[in-house]
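Take a look at this one; I'll ask things after.
Every chain is named by a letter (A, B, C and D) in the order it is written, and numbering of its residues begins at 1.
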Amino acid sequence: MTAVPAISVPALSVENLSVEFRTRSGVVKVLEHVGFSVDKGETVALVGESGSGKSVTAFAVMGILDAAGKVTSGRAMFGGADLLALSEQDLAEQRGRELSMIFQNPRTALNPIRRVGRQIADVLVRHGGATRNDAPRAAIEMLKRVRIPDPERRAEAYPFELSGGMCQRIMIAVALACRPALLIADEPTTGLDVTTQAVIMDLIGELAAESGMATIFITHDLALAAEYCDRIVVMHAGHIVEAAPARELFGHPRHPYSAKLLAATPGETVSLESLASIPGGLPDLRRLDLPPCRYSDRCERRIDRCAEPLPQRTVGERHLVACWNPL
Amino acid sequence: MKRRSFIKTTAVAGAAATVAPAIWSEAKAQARNETLLIVNESPPNSMDIHGVGANRPAYEVSWNIHDRLITYGAKKDANGNDHYDYTKLEPELATDWNVTPTSATFKLRRDAKFHDGTPITAKDVKWSFDRAVTVGGFPTFQMAAGSLQKPEQFVVVDDNTFRVDFLRADKLTMPDIGVPVPVIMNSELCKKNATAADPWAMEWCKNNTASGGAYKIERWQPGQEVVYTRNDDWKNGPLPKVKRVIMRIIPSAGNRRALLERGDADLSFDLPSKDFAELRNSPKLTVVGTPIENAMTYVGMNVNQKPFDNVKVRQAVAYAIPYQQIMDSVMFGQALPLFGGADNKFKGVVWPQKDGYKTDLAKAKALMAEAGYAGGVETTISFDLGFASTNEPLTILVQESLAQIGIKATINKIPGANWRGELLKKNMPMIANSFGGWLNYPEYFFFWCYHGQNAVFNTMGYKNPTMDALIDKARFASGKEYEDAVKGFVDIAFEEVPRVPLFQPLLNVAMQKNVTGYRYWFHRQLDFRQLVKS
Amino acid sequence: MLKLLLSRLATAIPSIVGVVIVTFMLTRLLPGDPAAYFAGLAASPQAIAEIRTKLGLDKSLPEQFVAYIGDLAQGNLGNSLSTGQPVVAEIVTRLPASAELTLVALLLAVVIAIPLGVLAAVKQGTWIDHTCRIVTTAGVSLPVFFTGLLFAYVFYYLLQWAPAPTGRLDVFLSPPTHITGFYLIDSALTGNLEAFWGSLRQLALPAISMAIFSLAPLARMTRGSMLAVLGSDFIRTARASGLSPRTVIFTYAFRNAVLPVITVLGMVFSFLLGANVLVETVFSWPGIGLYAVNALITSDYAPVQGFVLTMAVLYVALNLTIDFVYGLVDPRVRLDA
Amino acid sequence: MLPLLRHARYVLSENPVTGLAFGLFAMFLVAAILGPVLAPYNPMQSNAAMALKPPSAAHWFGTDQLGRDIFSRVLVATRLDLTIAFASVILAFLLGALSGVAAGYFGGWTDRIVGRLADTIMAFPLFVLAMGIVAALGNEVINIVIATAIINFPLYARVARAEANVRRDAGFVEAARLSGNGETRVLLGHILPNIMPIMMVQMSLTMGYAILNAAGLSFIGLGVRPPAAEWGIMVAEGANFIQSGEWWIALFPGLALMLAVFCFNLLGDGLRDIIDPRMRT
């Protein structure tokens, strides 16, 4: 599913991305024809139930897929080059410098037996952000940028000595040390309490705005996405079912799955009793007889045409939907 | 220690463990050919032959670092090798002696000194002899074998004269003074280190030497090596040629042989028979094999247990032993056969000698039937784990041939300590074992192995009053009367066959071609004093 | 850190007591009568009885045990009958020989097994992984006495690359001045180059045959822990931050993976120290294993008890060192202990 | 059973080494069962004329000091060596796993006793312990099995204890206890079967060590009673002949020994992959 590019310059444009995993019990077609783009300074949310392929998309773009995973088709245009076609060395050059990523549980995502200051310094030295002997000072500078109090002492600490929020700030420092053009945040706040969640999201927003960085925000929390992201891409079982500006999607969701998703998200406007759960579950992606629309088994609005290959219909300004019988 | 440096140091140390060439200095090469390197299997466990449980390697140490009053002469054996002569007594510390029916008086060499310089006097000799007869255990037993039993027998006439009074006319007394046990010890030095609880300085003498012999101990690393150096002002015999001797313990027989063949070792004793058979035709080595006097390897049967209480069963076993197969694939020809003689009769005043048995399974089966065991019988055959290299293949062959005459024997390998314990209990039905006495007289062997006094070596528990009488007569008789007594007990031994003699083993020694002068001694250890290394 | 070491020591005391009791029982269970053995062949029953009283073996078992504990308290491990020396002196001279051999063997094993383990983990599933596994497993499958004999025959007798297997030093070299008892260290400290190279050459064959024997556990543990670490989140972050493969594998992954390997190292060391009896027999190495085996075969109680006790204490000391080194390498243990 | 077979086929294809191990294992089983039948000569029958002959058409592995055919003895020895290995491993498993699971499940005193016992045995130099047992009880096969089992006991106890400890509060254990099962039924019926996969991996690994142990005992003379054919004894006997040039007496039993231990170790790895993917260490 390829999104039609808008007027501004896209930082990253993913087209027709498909990924398979070879496992003990057969081949799993995790992603199929995924396409979307992110402009400079824009924040796009990748939303979907867990297991819908959000993280795999990010890993594929970053080139850090698990050994069993294989990109079978597609391109990821970034800075004029196709990331998927780059050799490991060239891609490694870009990672951490032009594009970087932060992960879910911060404490385990940092090296447990290495001082946090040194971990930031490692990235700086690797990408020429600083020379070996003034890297420690630059690292402390980075800690100031992510608003960590008393940075000189904190730099000497080990991850297990810091709180979850603090570790997440370190991760952000590591990711943004070389001022990348794109940041992918894979559920950065899921493990944190609500207040820290807000602080971290604001911090990412501020830093992105400062350097016009494009941000991809992967989450299963629609409310969070609505509040902090310009545009939302909804994924279901390896497909992009709908992509639209945040307000447009919340106001007028066109794909049945998006509507169900919204109905299942608690928020001020929706009372607890009226929360409806989405019937059925994600299909088993190892099946050989998967229907073109992987939501059809769970869709109340299924019609005969749903058996035909999915369309990509533009139903508004940068609003696309992959459904024969949209709302 | 900083973490990073810790990991780095292990890597650097690992890399340094490369192998670099040894650096031979000139001096060492010169020392190399003045030193004799001997490689043996087991180490000495004491410097004092009177010590509790002193083992045979300890006898070798004592023999070379101590003097005795007298020693034995030398003769050439059948194949021209040097052999001690038990008929000729030669001077050592005693320059001259006078033997009467009741006593023997010894003249001591005047200028003989101990290693620490103190002159050797009759006082030292008396103290040493008193020690030997009172300290108990094996030394006292050995002295008693020559009727040397009471301190009162030993008299200091003056500084250079020492007299031994006889308890009874025993022709073993004089030869017994030449065996390793009655050594001359530095009594002053020992008394200085003795204590009230240990008057004979047994503890001190275990690790230290109070001696005056041809060699001194330079270094002793228990269990590893003994290094001797020559005592240059030794007066009690011709000055030995070899300046320095190193005795190194190499437990693996294979490695000992490799050292000999590579020329890195000069001499070795205890190698398996097969190795000696092969080393005989190696151009670089000489192998001297001497039949061990008064010794035999035998299959012993317990005469107090079924079925071996029946003489016919014992004779059946004697006819069932695969003698020739044992000589070929167990001993590789490194022994003298004691089977297949003309008949089971006395063949001369010498022991061991051939008996009349040979492998004859038909006769053996017939004897088993006569004895009423046609249906077969179960038993076990045991041997000492320490001598497994010979006894294991031997017992497997015996087991196999006994099975063909109905005797089903399982093999029992017994470790060292249990072996002596089992011997004492005398309840093992059948054993494969060897025995060799020091004094080369037939009655001496029979006194230990056949006499009714049931010594530990009478492993068969054999008691025969007529034989006992004959043995006792032979011990103190001489001439025709002595010969008839020996004929009597040899005939009974062959007829009754409580133990089946197999072969007389050879004492084999392998040495480099440039090592000569080796002399065979009854104690089967090496005497460094005659050796020459060109 | 201290608290952890003390608590570990506390748990170790019962096992040492256990070892003392078990050794005492085991040696008394051994058949055969040491008195008879050491009284010599021609000993009469009464001579043997004499020795039995001298050795105190005629008393009842409890009395013997009390006497044994009494001696133990004063550090007197009794005398060995087979070598005639006090057991303490023997162990003091022989332990460094075994320890030196085992340490060098372990060092060799570490230098070979750990890189193999890392390689197998990094290249998991490829032919390199399988070859590493086959090579290390083949190593452990060879009975160590067999490899020892084969090496002695091939490298000494046939090829003459290695020196004569006559123990720790060539017969004509005198041992370096005694400082630690480790020939390599003593000769290095005293600058005695000849003894250093001499003992290194003598160490080569026995150490290699033992190293081969200990490759498998080390390589397998390294591979396992490397695989576990390579799959962890912080490695993904490191790769996502574009750090060079060398940094990712060695500075990040290996440092974490080395922790469980250290515990295996300890276990393998204590296993080897006990099991090098066979290598010591083949290479006439004057170590503690050979000493114990000879004592066991001749039912010579004192050395067996002394040997086992030393090994138990060594085992505890080893575990303490491992905890210490673990703390050194892993800050998490050092700080919260 | 079908999924496990398909799963096994997948692992075998992905990992040829494990395939090799299973092949070897099958070969050893056949040799153990049909050994005496397949042997061209009577392994016990000595023949002085044919002593110490190198490998030839008549005698593939040559003959030993008493002229016995080494190929037949190596073949027949498989049964004895495998029996020793299996028996000691199973005994060690029974002793170790049961006490380990009890320690892990009940904790408290049982845990401390089993823990200290395991430590004592671990602190004991393994080889001397085995020698002591065999020297004390005599070198019957059963004693070698007991000695080897006792040495491996701590390994099983430790692993069983850890696994049981982890599973003690697992859901299925709670459910079993709530549905009225007695403590022992929960232990034997639920926890033990659950840790079987890990135990089987341990068993196959220690099989290798069990054979090596028996061989080591034979080398110092405390092995199986002669004239029985057993790899360890044959290597020990052959050892004295390497120097004099009859290399084949020790080599072939040594190779058989190595192959068996090699096969069991690889089997252990393979089993682990098939049974418990998580444990792919």
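In the analysis below, contacts are C-beta pairs under 8 Å (C-beta built on N, C-alpha and C of every residue); 3 or more make two chains touch, one makes a residue touch a chain.
Keep in mind the model is a prediction, meaning the values are calculated, not measured.
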| item | value |
| --- | --- |
| B-D compared against A-C, more contacting pairs | A-C |
| Chain occupying the middle, per Cα centroid | C |
| Chain whose average C-alpha position is farthest from subunit D's own | A |
| Distance between the centres, which are taken as Cα means, of subunit D and subunit B, whole angstrom | 44 |
| For subunit A paired with subunit B, centre-to-centre distance based on mean C-alpha positions, whole Å | 89 |
| Inter-chain centre distance, subunit A versus subunit C - centres from mean C-alpha coordinates, in Å | 54 |
| Touching two or more other chains - residue numbers and ranges from subunit C | 30-31, 125, 149, 153, 157, 255, 281, 297, 299, 329 |
| Multi-partner residues of subunit B (each touching 2 or more other chains) | 252, 254-255, 258, 385, 415, 418 |
| Shared interface positions of subunit D, touching two or more other chains | 135, 221, 239, 242-243 |
| Interface residues, subunit C side, partner subunit A - complex | 124-125, 232-234, 236-245, 247, 251-252, 255-256, 329-332, 335 |
| Complex contact set, residues of subunit D against subunit C | 14-17, 115-117, 119-120, 122-129, 131-133, 135-136, 138, 208, 212, 215-216, 219-221, 232, 235-236, 239, 242-243, 247, 250, 254, 257-262, 265-266, 269, 280-281 |
| Sites on subunit A touched by subunit C in the complex | 62, 64, 67, 92-97, 100-101, 103, 105, 108-114, 122-123, 126-127, 158, 160-161, 171, 174-175 |
| Touching residues (chain side subunit C, partner subunit B) in the complex | 30-34, 36-45, 47-48, 50-51, 54, 81-85, 90, 93-94, 104, 107-108, 110-111, 149, 152-153, 156-157, 160-167, 170-173, 193-194, 197-198, 200-201, 203-204, 207, 255, 258, 281-284, 286, 290-291, 294, 297-300, 325, 328-329 |
| Interfacial residue positions of subunit D with respect to subunit B in the complex | 44-46, 48, 51, 65-67, 135, 139, 221-222, 225-227, 237, 239-244 |
